[in-house]
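Each of the next two complexes has chain A plus one other chain: chain B in the first, chain C in the second.
Moving on, here comes the complex of A and B:
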């Protein structure tokens, strides 16, 4: 049997008909819809059922390049948030098959770079990070009213990415003395132009800086808090323009001690990290236009299990040497 | 070439100086050494030195300067270096001669406009010709040798926002209007415009002729757009359109860069943007220094693309260096990546990067629609990577995980659908699930199920009984340890095996471990001969109680009769071949009775479940939890279980496996999970008197203050079973209504409704 293991292959290229660069692509909760956003100010939604892609909506409303999109949990309806260079965050909602603006947030003084919905169990709320250095947390209080909390100077020069902790913070359950159900503390992680990864938590309705994780030597471009499906540890991935991807883990239920492990040093800037649904596989995309998939082996080392090269269509393999490293 | 050498003498840095008052407009002299700043309360000339601005001259003279000094616009003559013109807010057009020996440099004053003059413009080649455009809707052309205007042009519309002489066509000028129109005039024909077209919705605040292309005119409007028009054709054609973030107050083509222009806004936005018109969505560069709106922008030298001067309402004058500009595209993320639910990946990347090797800057190019790919000549002379900025498009690909790979989630769905969690005896469930896992090429899970079956159910075949006696007190810890090791081995090897994708490894290991350690099997086979054989009941869950119910009375080991000897290979086959294992479970028996309390394996199983959960396979953890039921439930603390259940149910719902999810909820033993099924069940009831919806929970309708649940037959309040008609809201005691309906089809309340009780 061949040692080459195919893990992913290209099925098709989606004709997005975006007129400029695409900055983000996000699949919804059920994996049946794909939202893309582009410099051309538009957000497009595709149905990706049965291997084909059909354009179902083209959302126009931003006045600048749209950097990121995020799907809310379907229990609140079909809701999509988008953020843009025009300093706005727009929350879109589908009703009777048509998408409309549900809310427009204009509280930032500069480009809004990242949006992320919090865990649905605790309501409909959204974090957005901006180039003005601030992070806003918008919470829907029903009737189209949104409650806004802003963290100023979260990152000097700007915040590039935000990601929420899963609803159940691992460890908080397992090590709990019996009886009391732990109160969920809302937490999220952010990455910024100050080369820092910061953790935030809500205490008495106020957002406070919880941890400051230093390891990167250039702008942090993306952060991803791994889903905690049965896992006892909290895991965060961060990537940076310095080419490094770090995996941060914390076993301590209080969330105070985080240890960094270098996943890999790439030759070029790394733009994105994305966790698989079980939180066991990490996809990383970098400036060399490659996507690599990483998995932690039994001995705790991260190994590349696949790489996807755009130019060659579908190339996926583990070389013998890589496998031996496992 | 001569001009280029002169350009090279311009040097400097990003710098600024404070003004006494907000600026309305700025203009630079021809040799780029001085700049004039004009505003309501300021009119000064600054020298542009290497390391800063130096005030050279204050043109506001007199103790109480007249309104003629209050400038809306200023222009420095590009040929006559001592000549300036200003547009005053009181409607005056003033010229200034710096060569005048006295302090007051005012040369001529034209007071022909009735309202504010928005713009003045010198003819690019004709020294004495000056044009003005005013709020009163008129444009006037002045000959500076005469006291009065030589011609007046009526736009026949609202106020004139901008007037600009064409750079290439001697007689032509363009004027932009409040109502969205742009007019083209021939200076010799004041009676009628040459052409007119609607450029924007809302006011057109500015226009600028391309310095090289004679036909190109850029216009900017309140509608936040910059449009580039080709005027050389018989019909004016829009060739580019840039959508900016705020209304466009000023537009200036960038020297030496055919497709670049700079804009600023007079509202909301304080930044200066430089656009490449071919990439109309994202600014090529921005200057973000000003704290209030930018009112005037001008390129320092007509052949130098690197220096931009700007004045602002924040009372500062800036010189911006192009190398210090911020480049939004550098901050922009060129890639999109998303891990889909099914292990598929959506990946969007710049198209140019895909085929070309990675390189610095945005070298990717794509033919833009209707455009022309020729580079202006200077691009060949100076192939400056940082100056290349063209439209880029991205390609979006969806990668699907290969069947059977570790990335995909097919296994999850298949497993969820195929696993049996209840409805059969324990052994059969395990066996079935082991088969499912095996079929899906998941040997580790398959082995686990088989192990569980062996651990918790009873080997049926008495012939398999081992003749090994277990010295309980002596061997137990050892067994325990070995069992742990063994389990660990299986896991480790199964993991390897999984990656290698070969089958049969588990069997080998299983056998191997078994051969190494007979004690292990001795436990399983001990004592069984004495136990009476019986069939497992066919109900779903009696098994849970079986072990608990069984008395764990110790029985002397020695009393057992000798069992037939079993060789290692035989044991192996019983464990793993389906035919025999079926016979195993059909007649089941308590596995370890007396000496090994059922809890014996629990710590190990618990460890195993945690291991699976840690591996992200919460499915296995929950499935085992359900199948084992009470055998293991008490070993694992409630919150962990709840966490596993919640995670698993969440996953199932994401995959839209509602039936499985519901089954798991039903079978769960956690209170918090079981109530999930009841959370969204709501019953809406109407009051039987007023037929309005009942809003409170009590017996009394809060609208008619009557008791809502009165039996229509006996007129007593119903406590207990209440049946009512959904049509008329009347009803009563179940037995009364049933009795009533035997005789009548009509509502017992006498409302005349033909009630239907289903």
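Moving on, here comes the complex of A and C:
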């Protein structure tokens, strides 16, 4: 009997028709639409239902390469945020079948590198980080008006990534006081050119630095706060130009003691990390043109479960400690 | 060059970035598990779902003896579903026209071979773990297992027997030996008898063989004979066979010589039948049949390992399937599950098998770091995979329901991602959330649907959804739209809805007003003027009428005031309200004001007269 190989299959290839390289691609909440952004300064939206690819919108408004796009929760309508080298964050909204600029934020003095929407339970708001070192939190107050809170000098030299904590209070699965709604605190994590990972908490309407996590020896390129499944543990992943990926965990609900675990030291700068929907698998994109998938094993160690190589249709599974022979 | 990777709710995105452009950049949508999409495998998922749910319902208090037979029966059900699927796939594969793309045909046959492997492994697990046959029965079950998975013998036997001259058929001896190797002595004798009738002089030799085959003891688990007694009998028979070999009884016929060597359990001879055996596990069972039929379960692994080594030889490394079977023979359940998880594309097999084994209390609580046991972990993985499918997600709900630790939160995370393409689908999803008191998800879904309806100007639908979401703010917004529409058009839409709001009306003040206002119009339409006037008055008194509508309300009152039944008191009250309004809104149209004043005065006069008349 032939080998039972685990494979993934490419079910659709979307020709984006961008005129320059793309920097981000994001599926919407339901996986029916795809948003891409590019150095050609445009943001495109495709309908990818049932294996199709129909260009729904070609959004122009940025004056420089667009680095990231992020979809808001569908409860607020079809809303997409984009951030760019042109120092702007633009929020786009679909109204009566057409996409238009809903709001434009120009509060930064340098490239805005990352944008991320907060958990929908708290409302419609986002955080964005810029090369000017500042982080801004934009909150929609309902009538098209946006409230701005800016954190200056969040990271010296520049901020590269922001990611929100999920809305669940850690441990809510276990100790839920009956009938009482737990006190939700808004928190997010950021990574910067000062090699630091920082945690931010909102207190009395102001944003304060809550934790400073040091472990990287070069620019932190990306951070990701894992989705919660109700366990008392909070988990954050950070990756850096130093080739390292760290997993940060905090077991106490107050969020005070964070422990770092080195996931892996890669041979190249690692530029992107992303958590799966249930937060069980971490995808790591490295400079060596590879994406590896990692999962926490029984003994608390992180193991590489898959290796996605460019040009290959097959993803071979490897066991815990073995190296992929390919 | 960088490879970008993003998680979609179901599929994954892979794209290239940070490189010199050659043509426009592409984004690949990647699916982890294509099996989900196969329409034939869908039957597997659907039917096994029923079995799974039935299994969860088995009561804990049933005595274990009865439970075992129940579990074995469930195991057989699962296997029959696998077989049915396999047969359908095979039929389908046969139907392919030469034009069918090679990969699709290949994919079909690959699915068949995977299902075959799955059924093979499951069957062995059933024999060893679920049925857990003791020595004596163990070998019989293993023989059944081998016979089931080496079915070409029957086809060949039929072919030989149906031929004109069976004994001359080129596969004749292959068939006889195959039957002997599988312990099917009666059938072997039947085929042999075709040979015996031809040669008169060597008939005695054939008769001897016939006797040997006929007298081979087979353990009867339901009989009165103990294992020891069987063993004694078997050894006697074995010695008899050996005597025949030593006496060169069958030296005249090399085939019969081969057979007697097999009967004696000569491993080299059995190994020579490699082609007929075709697998090392067939070799294992045959070997045990003729050397150690009373094998005990714990001793199995030694023979398994050596059989595999002997059969495969030094140069052929074992394949994943071989390793899995070996782990089973070694009674290492966890290894079996682990290896299957790695080797197979879809979690279906490991999830259902582990769940069944867990019910049989065969898994030690293998706690994983995130607090869930092995069974729950696998079921969660399987169900999560189902969630990406546009209709199979409904099966997943039941699986999550039976994962006590994390089922609920997994369901909460994933049920929100189901595209709410139609209202019907949204209601289906909603019902699932409502049944499980997932209030956050209910609220979220209703809000999404309400917003969507509002965007499409379907006010009635938007209102229903906001009521269901218990969203007062949105209900207020939509009520104002209704009222705006009324002011612009002079009539209400969605009368059915507004007339039947019931207690939902109380969700927001504006909504209450809307409902009552509509009621006012209805009463007026039914000529129940006195009630209508009272209602109008109460609306104004209760102060839930929006400021902007006060004039409208009073204007509505105008025709009422012409009606004779409206009492003095009511008119007085209306008058005072009118005064209030007039004071607050200085720039009210003077004609309207005059009309109203006139009407009020007239009505007052009428009422006084009427009441006066009656009282006299």
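Rule of thumb we're sticking to: the second predicted complex is superposed on the first by the 294 of 326 C-alpha atoms of A that agree within 3 Å, B and C clash if a C-alpha of one lies under 4 Å from a C-alpha of the other, contacts with A are read in each partner's own complex, and residues count from 1 in each chain.
Keep this in mind: a contact is a pair of C-beta atoms (placed from the backbone, for glycine too) under 8 Å apart; a residue touches a chain by one contact, two chains touch by 3 or more.
It should be emphasised that the depicted structure is a prediction, and the values quoted were computed from it without experimental measurement.
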Clash-or-fit label for the pair chain B, chain C on chain A: clash
First (chain B), second (chain C), both or neither touched by A:85: first
Partner chain in contact with A:77 - chain B first, chain C second, else both or neither: second
Chain B versus chain C as contact partner of A:153, first or second or both or neither: neither
Partner chain(s) touched by A:96 [first = chain B, second = chain C, both, neither]: second
Touched partner set for A:36, first chain B, second chain C, both or neither: both
Contacts of A:67 with chain B and chain C, given as first, second, both or neither: first
Chain B versus chain C as contact partner of A:285, first or second or both or neither: both
Touching partner for A:25 - first (chain B), second (chain C), both, neither: both
Touched partner set for A:221, first chain B, second chain C, both or neither: first
Common interface residues of chain A - those touching chain B in one complex and chain C in the other: 1, 3, 5-14, 16, 18-27, 29-31, 34, 36, 38, 48, 51, 173, 229-231, 271-272, 274-278, 283, 285, 287, 289, 291, 298, 308, 310
Footprint of chain B on chain A - complex, ascending: 1, 3, 5-14, 16, 18-27, 29-31, 34, 36-41, 48, 51, 53, 63-65, 67-68, 85-87, 111, 113, 131, 158, 168, 173-174, 176, 178, 181, 221, 228-232, 268, 271-281, 283, 285, 287-289, 291, 293, 295, 298, 305-306, 308, 310-311, 314, 316, 323, 326
Chain A partner contacts - residues on chain B that touch it in the complex: 224, 243-245, 279, 281-282, 328, 331-350, 353-355, 358, 391-402, 405-409, 492, 495, 499-502, 610, 612-618, 621, 637-640, 642-644, 646-647, 651, 654-656
Touch list for chain C against partner chain A, complex: 1-19, 21, 24-34, 110, 113-114, 116-117, 319-321, 342-345, 366-371, 384, 388, 406, 409-410, 413-414, 416-420, 440, 444, 447-448, 451, 455
Touching residues on chain A, where the partner in the complex is chain C: 1-27, 29-32, 34, 36, 38, 48, 51, 73-77, 95-96, 120-121, 173, 227, 229-231, 271-272, 274-278, 283, 285-287, 289-291, 296-300, 308, 310, 317, 319
